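Going by the order they are written in, the chains are A, B, C and D; count residues from 1 in each one.
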Amino acid sequence: MTLTQHAPASQVTPPSPGDQAVLIVHGRDRTGIVAALSTVLGRHGANIVSLDQYSDNPQGGAFFQRTVFGRPDLKAALPAIEEDLRQELANGFDLEYTVRDLSVPKRVAIFASKADHCLLDLLWRHRRGELPINISMVISNHAHTADEVRSFGIPFFHVPSQGPDKSAAEARHLQLLTGNVDFIVLARYMQILSGEFIEKVGVPIINIHHSFLPAFIGADPYAKAQHRGVKLVGATAHYVTEDLDEGPIIEQDVVRVNHAHTVAELRRRGADVERAVLSRAVLWHAEDRVIRHGNHTIVFQ
Amino acid sequence: MTLTQHAPASQVTPPSPGDQAVLIVHGRDRTGIVAALSTVLGRHGANIVSLDQYSDNPQGGAFFQRTVFGRPDLKAALPAIEEDLRQELANGFDLEYTVRDLSVPKRVAIFASKADHCLLDLLWRHRRGELPINISMVISNHAHTADEVRSFGIPFFHVPSQGPDKSAAEARHLQLLTGNVDFIVLARYMQILSGEFIEKVGVPIINIHHSFLPAFIGADPYAKAQHRGVKLVGATAHYVTEDLDEGPIIEQDVVRVNHAHTVAELRRRGADVERAVLSRAVLWHAEDRVIRHGNHTIVFQ
Amino acid sequence: MTLTQHAPASQVTPPSPGDQAVLIVHGRDRTGIVAALSTVLGRHGANIVSLDQYSDNPQGGAFFQRTVFGRPDLKAALPAIEEDLRQELANGFDLEYTVRDLSVPKRVAIFASKADHCLLDLLWRHRRGELPINISMVISNHAHTADEVRSFGIPFFHVPSQGPDKSAAEARHLQLLTGNVDFIVLARYMQILSGEFIEKVGVPIINIHHSFLPAFIGADPYAKAQHRGVKLVGATAHYVTEDLDEGPIIEQDVVRVNHAHTVAELRRRGADVERAVLSRAVLWHAEDRVIRHGNHTIVFQ
Amino acid sequence: MTLTQHAPASQVTPPSPGDQAVLIVHGRDRTGIVAALSTVLGRHGANIVSLDQYSDNPQGGAFFQRTVFGRPDLKAALPAIEEDLRQELANGFDLEYTVRDLSVPKRVAIFASKADHCLLDLLWRHRRGELPINISMVISNHAHTADEVRSFGIPFFHVPSQGPDKSAAEARHLQLLTGNVDFIVLARYMQILSGEFIEKVGVPIINIHHSFLPAFIGADPYAKAQHRGVKLVGATAHYVTEDLDEGPIIEQDVVRVNHAHTVAELRRRGADVERAVLSRAVLWHAEDRVIRHGNHTIVFQ
């Protein structure tokens, strides 16, 4: 069962992504940044496909820019473009930048537990061509989704959780992940990651929290929501930091509920929001649309 | 400036509300309640216009029913219907009930402070014929909206807040309100009501909180929301209890925001949600669609 | 791979559905219907679990009521209840009614074509326990989803479309369907059904139209939407009638789009709305929440 | 009643708009546009506050850019900046551009008829400081809102419609408008404008259509929506062209309705969407966020 066979009429086909790259720049705002960057790109015959820019204060505040540019034979030209950018930005600017070839999808590992709705939604969207990622592997502390994951042609690793000491499981995770992934998605992975693991793995980790943070932090938010009698329940995708439920928020959404809904019904409705919110966060991260800044995100949609 | 002059083409005209009443029943669920109630109504030639029923557990849980019924010459027949209901429900049922003639709008006092968007929205909707209420008075601790409120033909009373001791102001409030209102709406009234006042005034009080409770309880929620970097801000209409921000929620809604929005912009977007949420809560309360049950509400929309 | 293995914590478990039935009544409104119906139910010891009622005009208009009731040993008692209802309603009422045992899920056939997102979403929700239906079979004019459908344990039949004359294919469809299904879902089945087929098959057919009807009727609505420059695209679930795209609407929803979205991106965003709208329509139909009335629907949510 | 008295805490105060201008550029895409424009701005010490760019095809498609820039003493520097842009863009680019000083709000005339909800919403948002416009006048074919409009300090002109021949009324309109306004808003103005008027008045005209175009074009869309049994009703703000209901769409939104809603209730719910959609369209037009391109709009939010 290959992607080609399944490719539906609605598959997204961006214009020759093989010849496009994304440039992310952030740092201190100053007169002339946009001109300097676009002059470098122009010098190399690169056309700007899209440009998003944000500054929280034009007088020396924080500056953020996302630029997608293209040119024929981009791959060959990229090293020279990068060197030119390096020299230009050394020139009195206080900026960091990254350039990424858009024809090389980011590699991702998906962590899952018992609930499979977020995991399956990502696998489906990927197969439909909606997510420009390579799913390197799925890791779960439950074995029951192994066959289904493998039917998508994706490696599945069962790493059981064993009590409060996660060190053995996390060591196994690091063996699997190191060098193999560019980011991690926790698709309703119900285990807490240690600060040590977060630091060692060294790639961004996206989590879906099944509530509208900061309401109902912690465990069993749907029961808490029902107890409080709220009229909307939501979900939050965020980057994982050592402070549980406190990492930078990428995306949120809600769905309407009412007095007649049981906790089980809240979970059912919430599941739809969770998978929608998580898939948007993964898409935006995969396309370098999200920039972390302190405990916030800049999202160029 | 009268209602007739302003009545737009879109005014809501329910079919002869002068001949309709609403019956609210709640208590312990038991076999036969619906039959008993509808039999009484049928005996008096009353036709059921709409009926909403909810039980949180058919085996002895809590039962809630809202019935709108009508018949010619309703006003004359109501006392006999009520007496008949009383006798029927004395018959082994553990239920409370109220009957209200829908041709008599509930009387309301609106409390406001500096921000006028919720106040004006209620006054406009009322003038357009959207809210079946009588606005008895507007009370504010600021004088600047007096002319505007009075231009709607509604009495305005300026009762300044003087320091932390609210007793003088609250005594003045009670003089104005006692016997004159069926419920109170706090339309962004930024003063805390004492438990003593809530008890003495003896009518339901609806507040609009400018956040999506229980997130960002307390003061200045938009600043807190911006600090946390959320992607949605919301508003919550709830009944006021002694526990600030903890009363039963009537309605909530949210609006999308992003990284580029300042606190002022969050407030601007939030203001639209606040007035929409508050007006729905007031409408539903005015039509007896909201039943309080513990710290929850049953809302029959 | 069985349902039990997959049953997630969030599975919906209504209180003993094995002892509940749904009664649908519609016809001419008259004083006393609710009382008559609830008295019959009470006579048989049946407790009303939920009751929704709507009348488009209390004076002789059209009346609609959905009642869920329960009692121990319901199955044994149902014939007597039905007979009693028949006699009571013969008594001067102009009403039709149906009673259905909720422990017996409706049997459904899903028709699909190339695009698989609506089909897979239904299979997956069914496996999660979200849809109280029995999926008897999937019929498609394309063979590529056969393996996947069968991995859910559901029979798959490939019935190719052969040119403009559908009579052979439709004859095959009727062989498969007759006696085996209670309703049909067209999950982005891109073939037109003949009036003869609709009549012969004799069960309700639900279609998902990939636009916000009545805007963009007919083929390729996303291209039309992009050409018109709309800011929202939507989807519509409706019952199929001989008049293409004109049947009674069950549910609709929309999603925001903008100038930068290609037709392919509109299709991608639309796909999410299509599967959400279709799944709601299927759920509501399965629970007898939808009553057809002329070219409209009454939906008791 | 002055703005100062009413200015609420939530008033939007952009950072010194007196020193900012907006540059709109559109035309044929080519390598080097962004660099050329930002180099000119940099040469004049202007800092880029925000930059939005869109190209429908990087290889010679249509290019659109909105740039807000600022510098001290902007007003004095603007002529030189404009001259420099003129020379730079003469240099082989096929582009049109406009520069506008953001400290000078656009002047607008609002046309209204009987329904006042859109009119009042604009007046109120303007008074709150939400809309950076000068409302030069309100013109209505009904006199009943005169006092209310004038209480906002805004001139009101009653120009009655007299039968099918609009020429006298339109001549009066042109006398009032010529030289006095930068755009016109039809706030539920229920009269059709002649092609001659549209041409002579020579400024953009924004209309709010009380339906989700292209569904239910023409008169009485809420009655049509109810007749079709739709589950959502909407509103559309668009630029007025000679083809009624066919002009470029600026913004749309919808609200949920159900079978129980009368046409009057649809109108009431629709009114909330109409005023919200119209106010967003007016805000975006006032801030030069909307670029017309054929029968479409590019909206940089």
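Note that a residue touches a chain if its C-beta (ideal position, glycine included) is under 8 Å from a C-beta of that chain, and two chains touch if they have at least 3 such contacts.
If you're wondering where the values come from, they're calculated on a predicted model, not measured in any experiment.
Between chain A and chain B, two chains of identical sequence, the interface residue sets overlap for the most part, with shared numbers making up over half of the total. Taking each chain's centre as the mean of its C-alpha atoms, the one that lies farthest from the centre of chain C is D. Centre-to-centre separation of chain B and chain D, using mean CA positions: 36 Å.
In this assembly, the C-alpha centroid of chain A lies 43 Å from the C-alpha centroid of chain B. Under the contact definition stated at the top, the residues of chain D that touch 2 or more other chains are 54, 260.
On the side of chain D, the complex with chain C involves touching residues 54, 212-216, 228-232, 234, 248-254, 258-260, 295-299. In the complex of the two chains, the chain C residues touching chain B come out as 15, 29-35, 38-39, 41-42, 45-55, 57-59, 70.
Across the interface of their complex, chain C is touched by residues 1, 5-6, 8-13, 50, 114-117, 120, 124, 128, 130, 144, 147-148, 151, 260, 262, 264-265, 267-268, 270-272, 276 of chain A.
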